[in-house]
Structures are given as C-alpha cells and as structure tokens.
Amino acid sequence: MTVVSDVRETIAALRREVCALHEQLTRYQLVVWTAGNVSARVPGHDLLVIKPSGVDYDALTAESMVVCDLHGRVVEGEHAPSSDTEAQAYVYRHLAGVGGVVHTHSPYSVAWAARGEPIPCVTTMCADEFGGEIPIGPFAVIGDDSIGRGIVDTLRHSRSPAVLMRNHGVFTVGPTAKAAVKAAVMCEDVARSVHLARQLGEPVPIEQHHVDALYDRYQNVYGQR
Amino acid sequence: MTVVSDVRETIAALRREVCALHEQLTRYQLVVWTAGNVSARVPGHDLLVIKPSGVDYDALTAESMVVCDLHGRVVEGEHAPSSDTEAQAYVYRHLAGVGGVVHTHSPYSVAWAARGEPIPCVTTMCADEFGGEIPIGPFAVIGDDSIGRGIVDTLRHSRSPAVLMRNHGVFTVGPTAKAAVKAAVMCEDVARSVHLARQLGEPVPIEQHHVDALYDRYQNVYGQR
Amino acid sequence: MTVVSDVRETIAALRREVCALHEQLTRYQLVVWTAGNVSARVPGHDLLVIKPSGVDYDALTAESMVVCDLHGRVVEGEHAPSSDTEAQAYVYRHLAGVGGVVHTHSPYSVAWAARGEPIPCVTTMCADEFGGEIPIGPFAVIGDDSIGRGIVDTLRHSRSPAVLMRNHGVFTVGPTAKAAVKAAVMCEDVARSVHLARQLGEPVPIEQHHVDALYDRYQNVYGQR
Amino acid sequence: MTVVSDVRETIAALRREVCALHEQLTRYQLVVWTAGNVSARVPGHDLLVIKPSGVDYDALTAESMVVCDLHGRVVEGEHAPSSDTEAQAYVYRHLAGVGGVVHTHSPYSVAWAARGEPIPCVTTMCADEFGGEIPIGPFAVIGDDSIGRGIVDTLRHSRSPAVLMRNHGVFTVGPTAKAAVKAAVMCEDVARSVHLARQLGEPVPIEQHHVDALYDRYQNVYGQR
C-alpha cells in the first residue's frame, strides 16, 4: 500500500509539525526519556502521523515520523510507530472533530491518575481550558482497544480535552495537534496548582455559572481572530 | 485615532522593554503556554503597551506589542491585546504611581489563591519586598471592571505590590514594568518557600517592628543608588 | 599492568559513551555538583570504564574517564576513579548480564530511601520498566564490599533494574550503560509520581497479572526491533 | 585608600572567579532575581571580593565585582557592594580558615529556616558534606553585626559549613569560594530530600559512628588528590 500523491505535501507538513511539537513536551517537562508522544490526523484521509516508538526526543526528525492508517497499521515510514498508536487511531476513528492527540506521563497528572481522582475545577485556568473537572478514565491494558475506548467514552461525557487514564497518564485531544499539546501543558499546570492548593487545605469551589462563563469566553474570545 | 509623533520614541522603547521582560516570566517558570503578560504605562500619556493575546512567548517581537488607551481600546498594533488589558487599564487609571503591571498563574501563588488564603510574612524576603502578608483579592469574572477593581481595592490597603486574585492568579504592580516583573518573581518564590515551610509545621512569625525595619531598609537602601 | 591492544577501540568508544551519558544525569536533574556517575563494562574483559572522582560534569571528557579492573584498581587513566568504583566493580563481578551501572542521589528516590520504604508499583510506567515495586537495599558503609553486596543481593530477588540503598541513593543496572541511565531516569520519575500520589491519598493498586503483562510487553515489544 | 600593586593580579583573578561562580547559583536555582551572592577573601590581605548589590546575574562582570575591607567598606569598585557585605566581612574577621562565603534564599532551605528547625542528618550526602545536622542560627536584623555574629556563633559549634539563619536563608563557608558554593548546592539538595522524606513518614536515623566515618572519608579521600 502506498500513499496517493495528492496528500504528499500535507503529510510532509504534518511530519514537520508533529516532530517539532515534541519540543514542547520536553520544554515543559511533561515527558522523560521517550515516554510521551504527539500525533496528527491527515485531514480528509484515514491516516495519522505519529512519533516512532522508543526514539529519543533529541533524535527525532520529520523523516522518522510514521504514517499509519486509522487501525494503527504502518503505511509509510522506516520505524515502528509509538506503542500508543492503536489507542490514538481508535480516538481518530470515533471522534470526528479530533485532529491531534497527545499522550504524556506528566508527574502531577499521574499522581491524580494513580489515585483515580478527577481534578476539581477550582481555578479559572481550569474553567477556561477544560470547562469543568478533568475526568478520570478507566484502567486499561495496552494491546487491544481498551485504552482508545476508555479515552473516547470518557471524553464524550465531558467538555474537557484531557482525560487522566487510571494508574497510567494523560491523553489530550484537540482540533489540531498544537491544540492537543496546549491541553497537555495546561493539564499538568492545573494538576500541579490544585495539588499544591489541596496540600494545605481545601480550595474554594467556583460556582458552575462562573465556570460556564469562563469556558465560553475563553473558547470564543481569547487569542487572535 | 493615532499616536502623536512626540511619543513615538518612548513607545518604541517600551515595546522593546515589555517584549523583553516576558523572557523573565518563562525563565522563572511563572507562565505556561501564553498564560501571563506584562504591560507598561506610557509616562505622561493615557496609554499602555501590552502583550498581544494568545501569542507564544517565543514569537513575541517589539512590533507585536499592542498600544491601548487606559480603557483598553487598541490605539496601535496589528494584534488583539491581552484579554487582561481592561483589568490592567483599570489599575493604571486608579493608581497613579503604577508604571507597570504583570499577570501570571504561577503555581504556588495559585495554590494560595485557590484556597483564598493570604501568604503570611514569615521570611525576610517577604518583609523586604512586600512589607507584610501578600493579600487576597476577590473572585472576579473577566469582561467588566471586576478584576481591575479587585486589584485596586486590595492593593490600596496594603504595602504589597502583589495581590492574589481568588481562584485565579497573581497581579503585581511597580513604578516600572521591570519592578512589577521583579514583584511577580519574588511573589512566587515567597509563595513556594512558605508553602514548603507550612507542609511540615508552623513557621515562626516575624515581629511587626522587624517587618517594618526590613521593608524600610530594602525600599530605601538596597541596590545601586 | 597495561590494556592489551585489541580492546583499544572498544575502550575508546566506551570512554566517549560513558562521558556523554552523564549529560542525561544533569539534563534530568538527577545529580548536583559531582554526586553521581555512570560506568560501563568492557565486554569480554574484566574491565570497566567510569567517571573520575569529584570532577565537574561540565569538565568531563572521554580522556578523563578511568579504566579499572573488576576490583576497582586503576588500569588506565590519569584521575582517581569515582569513589563508587568498588561497589560497581562488585556488581559487574557478580551479575554477568550487567553491562552498565549508574549511581545518583536523585531527590525523590532519596526520600523513599531515607525512610527505607520501597516504591509500590501503582503506575503503568513502574510496571513497564521495573516489573513491580522498586526495592530497598540495606544501609551500607563505603570502603568495603558492603554497598556492592547490598545491591547484588537486592537485585537478585527482583525484576527491577533499580535499587534504593537505604539513607543513600539509587543504583541502577542494565545490559548497557544507556539502559542503566534510562532506569535511573525512570526511577526518579516513578519515585516522584508515586510520592505526589501518596501525598493526597492512597493510589489504586494494579493487579499482579496486569503488572506482569505490562512488564512482558514493554521488555519484548516496545521500541525499535 | 588604594589597593597596593602586588595584589592586583590576585584580585583580578578573584573578581573573575567570584563573578563566574554566580552561574552555579542560577544553574541550581538557588537564587531568584538578585537575591544571593558569593564572596571570596583576598588571601593574606584584609580584603574581600563580593557581588554588587541588586545587579542582575546576567549583567555581572568581573569588573563590576566590589573589593571591600573586612569591615565592609568599599576599597575598589564602582558599585555599592551586596547588602550582605557586613555580615560576610564579620565572618572573614572571626573565622580565619574561611576563604569564601555564599548567601542564598534557596527554597527548601528557607522552609526549614522559617520553622527554625535544623535539618537532621538522615542521608549519606548530609553526613559526607555536613558531618551531622545542618544547624539553625538566630533571627538577626540586617544593619549591624547581628547576622555575622549569628553565623559565626553557630558554625563554631558545628562541623557543618552551612547555617540556616532563622526566617531568612542560608549562609555557607568554605576554604575557597568554590567550596562555599558547593556547600550551598549540597545544602539545598539535602534540605529538599529530607523535606520530601519527612512528608510521607519518618526517615531512618543514621548512627553517629557511621556519620563520623562518612564525614571523615569524604573530607579526606573523595575527589582528586
């Protein structure tokens, strides 16, 4: 099987973008060694671009990214794809609006995940980006559809672009790979701030109508139009 | 409306300074992604210079800074200004001595803010820079004068150049933008040290007359004259 | 005693590799000042290559690495070898499959070690890399075989490539020096995540059959073949 | 008063060394903004070389260092010296073996200092470098001999090269400025590890005869001879 020629340029651009976005994972210390990855959907095609498995972040190149179909089978690339490819492919198959997926084991998020505890929405940043609590997905073993199904089932009942998979780590989604990376960065920041707040007492809740107003403004007004 | 020509140079210099000061926010890890900003008053004019909204710190240039009037309306610049512009404009309108304002969601400060708890003055650094506890401002929604009013009302009753806005983050002020950045750096450092101290017991209080003496010396003797 | 000529190239390559791997210790903040080191076995020879004692990481060169026999005696090199050389030589003498050893005082790992408490296996990363809890070795004084014996006796009863020596720090092993460095990075990451999880409650256990399945997959399927 | 010509070269070398050592304070995140400094005694002369007050670390040059007599009066230099100069001068006057002094507000050390609690010796690194607990000095106000006297009185009864001044920060000493910087780096590392250990239980004590043996070996055998 080969990739048809009219998507060559799109894929080449996504290879560069996905490769470069991994720099944000190391910059914000969301990952150690090779434990974390970014993928992007190839728009209009049943394809995704993802990090190769077990390759050092410093050694990543656009060429080493792997193109897979939405069942995780390699279509183009000389490396084995991330061991999370099947889970991410499942997400792309079942959530049409998702253009990017990120997976990390960032430490404060993992702490909440290890306890199986959602992160309560007690900061304006959490309301802005996640629209409420950051939810917990099930414990799921690697090697079949369990992780992908756990992500999709959890995110379908939430405004949050992040899910904490129990005892595991974070998966985030977005309309683009960059948006998913942003959600991963924000998730760890919120996980840390709320962890710190809880260590010395109870955070003050934010009323639901304020959460809704903050979420609405941030999604629709913030940034450049 | 255009900017009159005799302030051109001042504004050009402030654009460069405000742009460069954002490097301190990332260096000291006070901000993630695009969540934090610096502004400066244009001395003698009802104008301020501020970061554009939602633009990556690595992509900031002096040219991308936005000039607004003191009601937050854009006067010069091709980008939408920070979504905190109205709050900061309110501060400049009501506190004549303020030449710079900084906003961050730095994690230890947010932890105190999420509990609605002021940071007690138990270190000499806190006495030096803040002259007492770092106070808590009200919960305030974005989109009207609430945040600006909360900042001003809180700082008017305090020697502190920093206020922790409840469930939100930090706003700091100073005679210059650099002084406000310094207060933001110091605020997070104090928030962290006192957090750590409190985790394993109770810090020893500092007597008020010592706080006063430390504050007086630091404000009047420290540094180069 | 001199090194026979047919291992010259192997030793030269290991000097470069061992030297370069110290960059990972500083990058992941596993060490301060000169407190931590990497060594590698010279395959097929009773020799090892190790960091010189008390030399700054920035000043390390391939030439400054020290070649010792497996009793810790210097065979080649102008510097005194790491004060941990005897302990690491003991490990190479008694664990035939070990090709690299790393020692650090990384802070979260030291915290568990200071309490003499193994790190429970409550995250998938811990199951993947360590195959169960990260065990505690005995308190052992430097200057004889105590540390080496403590490491070997502990690791023989565990799948873990890392041992927390009580009140001291971490020793990790691997088939190569790079694998041992990876284990050191992962050990601190797990030590931190589980520390954070435990601060606010109890992590959910992972059932033993899931730990076994995760370990098996990670050791046999993950990465490039 | 002028500096006699035969110490010109010594002073020039110390200016470069003291300036460069500040990079270690920022590298290990022991300081924020301008809050911390290094000084060195000019051997054989009643002089010291110290950081200028309130100057950014990035802007430090050998030329901007300030030469003072051992009462803190400026002998050479265009800047005001660190506001800690009098305290450090007191240390040089009263502890003949001290060739370098460092002051920081490093966060974990400040946490112990804010509670007025010495750091117990429960790690081999603490035994190696500090020979026992890291002691607490008195609360002392700036502006007279109180801080210097507090440092000297505390260190005279301890093998530790570091003292935690109550509610304030760390002062370390050493035979050279580099040794004092090393002690400052190690002090924060120990403060952090023991803080983390204590958060989840009680560290196992190290018996005094082991502390003594570790200290003796580290002071006399470690490193290059």
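A, B, C and D are the chain letters, set down in written order, and residue numbers restart from 1 in every chain.
To be clear about the criterion, a residue touches a chain if its C-beta (ideal position, glycine included) is under 8 Å from a C-beta of that chain, and two chains touch if they have at least 3 such contacts.
Please read all numbers here as calculations on a predicted model, not as lab measurements.
**Q** Trace the shortest sequence of touching chains from chain B to chain C and report its length in steps.
**A** 2
**Q** What's the chain with its C-alpha centre farthest out from chain B?
**A** Following the centroid criterion, the farthest chain would be C.
**Q** Same residues or different residues where chain B meets chain D? The copies count as same if more than half of the interface numbers are shared.
**A** different
**Q** Between chain A and chain D, what's the gap in Å when you average each chain's C-alpha atoms?
**A** Computed from C-alpha means, the inter-chain centre distance equals 45 Å.
**Q** Provide the C-alpha centroid distance between chain A and chain B, rounded to the nearest whole angstrom.
**A** Their C-alpha centroids are separated by 32 Å.
**Q** For chain B, which residues are shared contacts with two or more other chains?
**A** Only 199 qualify.
**Q** According to the definition already given, which pairs of chains are in contact?
**A** A-B, A-C, B-D, C-D
**Q** Residues of chain D touching chain C in their complex?
**A** Residues in contact with chain C: 28, 122-125, 182, 185-186, 189, 192-194, 196-197, 199-204, 206, 210, 213-214, 217, 221-225.
**Q** Under the touch definition given earlier, write down the residues of chain A that touch chain C in their complex.
**A** 32-35, 52-55, 79-80, 83, 105, 107-108, 110-117, 139, 141-143, 166-169, 195, 198-199
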